[in-house]
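Next come two complexes, and both contain subunit A; in the first it sits with subunit B, in the second with subunit C.
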Partner chain A sequence: MKTKHILPAVFLTPAMVILAVLALVPTVYAVVISFQDRELSRPDGQFVGLANYLSLFSDRRFINAIQVSLSWEVLTVVLTLVMAIGLGILLFECTTPKVRNLLSLLFLVPVILPRVSAAFVWKFAFHPLYGIITYPYKALTGQPLDLLSNPLTALGTVALVDVWQWGLFFSVIVLKLLETLPPQPFEAARLDHAKTWEIYAYVAIPMLKAPLISLAFVKMIESLRAFDLIYVMTRGGPGISTETLDMYAFSQGFIESGRISYASSMAVLMMVATSIAFTFIWKRARI
Partner chain B sequence: MITKSLVSSIAIACAVFGVTSSAAYAAQCSGTIRVLAQPRDGLTLLERYKDEFVKLSGGADFQIDYLNENDRRAKTKADASTIGKYNVYYIDEANVALFASSGWVAPLLDYYPKENDYSDFDPGRQKVATYDGKVWFAPLTGGGDLMVYRKDLLEAAGIHPPKTLDEYVAAVEKLNQPDKGIYGTALRGQRGSGANVWRWMPFFKGFGGNWFDGKTPAFDSDAAVKATETYLKIFKYSAPGSQTGGWDEAVGAFTSGQVAMLIESTPLVGMALDKKSSQVADKIGYLPPPTPLTGGGYGHGLAIGMKANADDAAKQCAGLFVGWATSKENEQRRLEEGQFSELNRTSVMTSPKFAELYGPDLGQALAETGKVTAVNFWQSPQWPDLGDRWGIILEELITGTRTDVQGGLDELNDFAKDLVARSQ
Partner chain C sequence: MSNIVCSSVDKNYGAINVIKDFNLDVADREFIVFLGPSGCGKSTLLRMIAGLEEISGGTVSIDGMAVNELEPRDRGVAMVFQNYALYPHMSIYDNIAFGLKRMKVPKAEIENRINAVSATLGLGPYLSRKPAELSGGQQQRVAIARAMIKTPKVFLFDEPLSNLDAKLRHHMRVEIARLHQKLQTTTIYVTHDQLEAMTLADRIVLMKGGAIEQVGSPAEIYEKPRTLFVAGFIGTPNMNLIDVTVARGESGWLLRTEGTDIHINGDGLDLKAGQEAVLGIRPPDLVQTASAGENVLTGVADLIEFHGNDALVTFKFAGKEIGALVKASSCPKTGERVTLSFDEARIHLFDKTTGLTMRR
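Our next item is the complex of A and B:
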C-alpha cells in the first residue's frame, strides 16, 4: 500500500521540478521586476510599488491593446469553430472516403506550415500592387485594394489567415469526431423525417459538445499566442489598430523603450486575467 | 552542432616583446565569432571569402545571423543588455548613442586594426559612427538622400526636375495617374524611428524644427505641424502599400516602374540602376533633395560587443573581424559586384573603377547631396524610444486612425517630458 502512495510522487517529482524551473522561476522573476523601474539600459532598478500597474490604466495604447486582443480572440475562435463545423459536416455528408482522406491530408498542410512563413506568403498575397488575392479587384475596378493598411479591415484580414490555418485543421478533427458517432441516433432522426440541418443541429453537434468545447479552449489559448502572425503581417498597424497585448508588451520591453518592468507588469496582468477568465469559462462550460 | 564559443588568448611572445599590432593578436584567435546583423549584400559576399579570414585570424571562423532592420534592432538591444551571445553587433546611427552610453559596445578604434585605415571612410559616415567623442562602429553602408525620378515620365508631362519643395509637391500631384498604374511618389508609412520618422525628419529640419529648446521638448512647434501636414499631403499620392510600408515597399514600387519620383536614401540609386532588379534602370535621373529639405545622414556598421568579448584579447579578435569585413580589399570586391550601397571608403568611391561603373553624374550628385546632408535625429540614447513613439503617432495620422496633427505632437511632447524625467 505504501509503495502505491510513493510511486506517483517518484514519477511526478522530476517533471514538477523541471516545470518549476522552466515556468515558475521566470514567472516569479516577471512578477518581481514588474514592481521595479528597470530598463534594459539601466538594470539597477528600484522598487516602485504599483506605479507600473497604475500607469497602465492611463496608457491609451494599453487600453487599445485590451480591446484588440479581445476582438482577436472572439473573431478567431468563433470563425475557426464555425468553419471547422461547417466544413467537417460538408466533408462527412458530401464526400466519399477516398476524397475525404485526400482532403483531410490537404487541410492539414496550412497548420504544418511555420506561422512566420505563412504570414509572409499571405502578406504578399494581400499586397495592393502585386498580390494575387487583390489582383481581381484591381483588374475589375482599376483601384488597388489595400486591406492591411485599412484600420477597418486589417485585423479581419489577419484573422482570415489564422482561420485558414486552424479552421481547416479543426475541420479534419470534427470530421473524425463525426465518424466516431454511433449511426443509430442519425437513423432515428431520419425516420422521424428530420431535415439534414436539423440532424446536425439537434443530434450530432449536441453529442459532440464536450470535444467541441475542448477545441474551443485549445483555439482560445492558441489565439493568445498569435504574436508572430500579426507582427509579420501588420506590426500592430495601421497605427495601433492590430496591436495586441503581447505585442505591446514586447514593443515596450524590446523594440521601443527597453522598459522591461513596465512590459512585465502587462505580462503579469495578462497572466492573471487569462487565468481567471479561463477558469471561469471552463467551469461554466462544464455545467 | 554546438557552436564553439570564441576562445582567444594573447600570445606570451607578444607580451614579452611588446608586440601590440592586431595582426599579432589575430594569430591567436579561435572558435566562432558570432555576428548579429541585418541582411546586406556586402555581408553575404564576405561568406564567400571565409577561408581568407580563417587564415588571417589564425583559425577563427565567423557566423552571421540575419534579421530585418526592426527585428535586428530589438534583438541586438535584448542580447547586448542580457546574455551577450554575439561578439559583433550591427548597429546604426539611431542606436549608437544607446549602445555606447549603456556600455554594450567597445570603443572601436581601441581594437580596429590600424592597417585597415579607419580614416579612409567617408567623413559623413565617420560622423554618425561617433558619439561622445569616440568612434563606435565601422561603416557598412550609409550616406544621405537623393531625389530619384523617372526621366521619361517627367519629359512626357513637360516637367523639369524640381529644385524646390513647392515644385516637387506640384510635380508629384501632376504625375500621379493611378488609372495608368503610376503613382506620384512613394513614402514610408511604417512606424519606426528608422522608417516613417526617417523620411519625415527632412521636412521637420528643413522647416527649421528642433527637437529640444534647451532641455525642453519642442515638438509642438509650427515647423513640426507644417512638416507633418506637408508629409500627409504628399502621402495622398504615395503608392498603395506604402501607408504601412517601409524602405522595401517604397523601393519595390519605384524599381517595378510604378512610381514617378521619390526622395530616398542614396542606396536606392544603386538598386534602381541595377538591371537585374530594376525595370527602370535606363530611365532614371537623380538630384539632391529639393530645398529646403535636408538629407537624412545615416550610417550602419559593425561594432564590438562587450559581454561576449569578456577580455581584451577577445575584443581584439572581434576587432580583427570588423577590420577585415570593412577593409578596402573587401570594399573593392563589393564594387566589382556592383554593390553600390555597400561602398563607404573615399578611396573606393573616388577610384577610376567607380567612375567607370557609375559614370560622372552619380559622383556629382553624391557630392552635391553631401552639402545638404545633416544629422536630423536627436543624438541621444533616448532617441529610439522617442522616434518610435512618434512613428506610431505618424502611422496613425497617415492611415487615418487619428486626424489631429497638433494633438499627436502634444502627446509626443508629453511623452518626451516623461522620457527626460525618467532618464534623470
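Our next item is the complex of A and C:
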C-alpha cells in the first residue's frame, strides 16, 4: 500500500521542483526589484518601498496603456468568439463532411504559423503602397490607405490579425463541439416549430455554454500575451495608441530608460490585477 | 386528428434500399404499432413521416395533404424519442413551453395549457427542475407533455419505453394507453417489444427487412400469422417449429417427422404430398395427456422454467427443443417423461421454401 503512495511522489517531485524554480524565482525576483530603484545603467539599487507603484498612477502613459490593454482584450475576445461561433455553425450547417475536413485543416494553419511571421505577412498586406488589402482602396480613390498609422484604426487592424489566427482555429473547435452534441434535441426542436437560427440560439449554443466559457477564458489569457504581434505590426504606435501594458513595461525597462524596477512594478501590478480579475470571472461563470 | 397514407414509400441510402414499396393507410384516431426486429426500417419509416429523414420515393400524406416537401414543424406531428431528447439546459416548464413560444402563443395561454397538461401527467411539482434532476420515467412523461401540448394531428412514438426498467415500462404503457383513450389522436408507435405492440395497438404493422410481413389486429397476428417469420416473432414463449414432410394418409394427411407421424385431416389447409413444411404449435396449445395414443409429442423433460401460474417444460423432440406451457400445479419434474397432445385446429403449417402459411 505504502509504495503506491510513494511512487507518484517520486515521479512528480523532480518535475515539480524544476517548475517551481523556473516559475517562482523570476516572479519573486520581479516582486523584490519592484520595491527598489534599479536601473539598467547602474549595478546597485536601494529599497524605495511603494514609490514605483505610487508614481505609476500619476503616469498618463500608464493609464493610456491600461485603456489600450482593456480595449484589446475586449475587442479580440469578443470578435474571436463571434467569428468562431458564426463560422462553426456555418461549417456545421452548410458543408459536406469532405469539405468540412478540408476547411478545418485550412483553418488550423493560421494558428500554427509563428506569430511574428503572421504579423510580418499582414503588416505587408496592410502596407499603404504595396499591400494587397489596401490596393483596392488606392485603385479606386488614388489615395493610399494607411490603416496601421492611423490612431483610430491601428488597434482594430492589429486585432483583425489576432482574430484571423484564433477565430478560425476556434471555429474548428466549435464545429467539433457541435458534432459531439446528441442530434435528438435538435430534431425535437425542428418538430417544435423552431427555425434553424432558433435551434442554434436556444438549443445548441446554450448546450455548449460550459465549453464556450472555457474557450473565452483561453482566449482572454492568450490575448494578454499579444506582445509579439503588436510589437511587429506597430511597435505601440502611432504615438502610444496601440501601446498595451506589457509593451509599455518593455519599453520602460529595456528600450527607453532602462528603469527595470519601474517596469517590474508594472508587471507585478498586472499579475495581481489579472489574477484577481480571472478568479472573479471564473467563479461567476461557474454558477 | 387525421389519417395518414403512405403510398409506395421508398428509402435509399446510396445504393442500399432500406424501405421497399411501403403502403399503409392509417385511419383517423387509430393506434398503429410498427413492430419488428432491430434494423427492419421501422424507425426510419417513422422519421420519414416526421420529416427528419428524406423520402426517396413515393408519397406520405397526412390529413389528405402530401407532406414530402414540408418541414417537420409544418406537418402537424409531434414526436417522443427513445432517449427523451429534452433540452438539458432548460427547466421542465421551458421544455414543455418551447414549441408554443416558437409558435408565438400568448404567455397566459401557454401557462394555462402547461397547467392542464402537467396536471394530466402529474408533472406539477417538477416544473421548475432541470431534466437531469428527474428520473427516466418522469423525463419521458415530460417528453410526452411536450408533444401533447401542441395538440398535434399525429403522435409519433419512437421506442419511448426502451430506456425504462421493466416495472416503469409497464406503468408508462398503461399511461400511454389511457392518454390515447382520452385524446384519440392518430398515433404511430415504433417498438421491438411485442408485448407493447400487443397491448397498445389497434393494428400492428409487422416489418422485416424494410417490408411489411403482416398487418392486422393483435389477435389476427397471433392467431393467424401469415408467415413463418411472424409466427416465430410473436408470442412468448416462442412458437415451437418442427420440420415435417407432408404425405397422404389413409383418411386425411400425415405430417412425417423424425420418429413420429402426425395425423391430420387437413381441413382448411392447402396440402400437397411430398411437400416440405414447418409445423408450428404454440407452447400453451400443448396439453399434458396420459394416453400414449396418436398425435402426441413425447420426450424427457430436461428443463423446467417456473413462470408463476404456469411452468415452461422443455424437452427434445425430433431433434428440436420443444416448449410446453403447463399448469404449475401439474408440472412434471426434470427427467420425467412427458406426453403432450394438441388440437388440430390450433396448429400452424408453413411452406418451408416460401415461409408462407398453408392455411386457406
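The rule we apply is simple: the second predicted complex is superposed on the first by the 275 of 287 C-alpha atoms of A that agree within 3 Å, B and C clash if a C-alpha of one lies under 4 Å from a C-alpha of the other, contacts with A are read in each partner's own complex, and residues count from 1 in each chain.
Quick note on the criterion: contacts are C-beta pairs under 8 Å (C-beta built on N, C-alpha and C of every residue); 3 or more make two chains touch, one makes a residue touch a chain.
All figures in this text were calculated on a predicted structure; none of them were measured in a lab.
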item: Partner chain in contact with A:Asn101 - subunit B first, subunit C second, else both or neither; value: neither
item: Subunit B versus subunit C as contact partner of A:Phe254, first or second or both or neither; value: first
item: Touched partner set for A:Thr234, first subunit B, second subunit C, both or neither; value: first
item: Touched partner set for A:Thr279, first subunit B, second subunit C, both or neither; value: neither
item: Subunit A residues touched by each partner, larger count belonging to subunit B or subunit C; value: B
item: Touched partner set for A:Pro206, first subunit B, second subunit C, both or neither; value: second
item: Touched partner set for A:Thr13, first subunit B, second subunit C, both or neither; value: neither
item: Which of subunit B and subunit C A:Gln46 touches, first, second, both or neither; value: neither
item: Touching partner for A:Gln143 - first (subunit B), second (subunit C), both, neither; value: first
item: Residues on subunit A lying within both footprints (that of subunit B and that of subunit C); value: none
item: Subunit A - residues contacting subunit B, complex; value: 37, 39-41, 43, 61, 127-130, 142-144, 146, 148-151, 234-241, 250, 254-258
item: Partner subunit C, residues of subunit A touching it in the complex; value: 182, 184-185, 187-195, 198, 202-203, 206-207, 209
item: Residue ranges of subunit C touching subunit A (in the complex, touch as defined); value: 50-52, 71-73, 77-79, 81, 83-90, 98-99, 102-103, 143, 146, 150
item: Residues of subunit B defined as touching subunit A within the complex; value: 70, 73-75, 77-78, 81-82, 98, 101-102, 178-179, 189-191, 239-241, 243-244, 253, 256, 258, 381, 384-385, 388-389, 392, 395-396, 398-402, 422
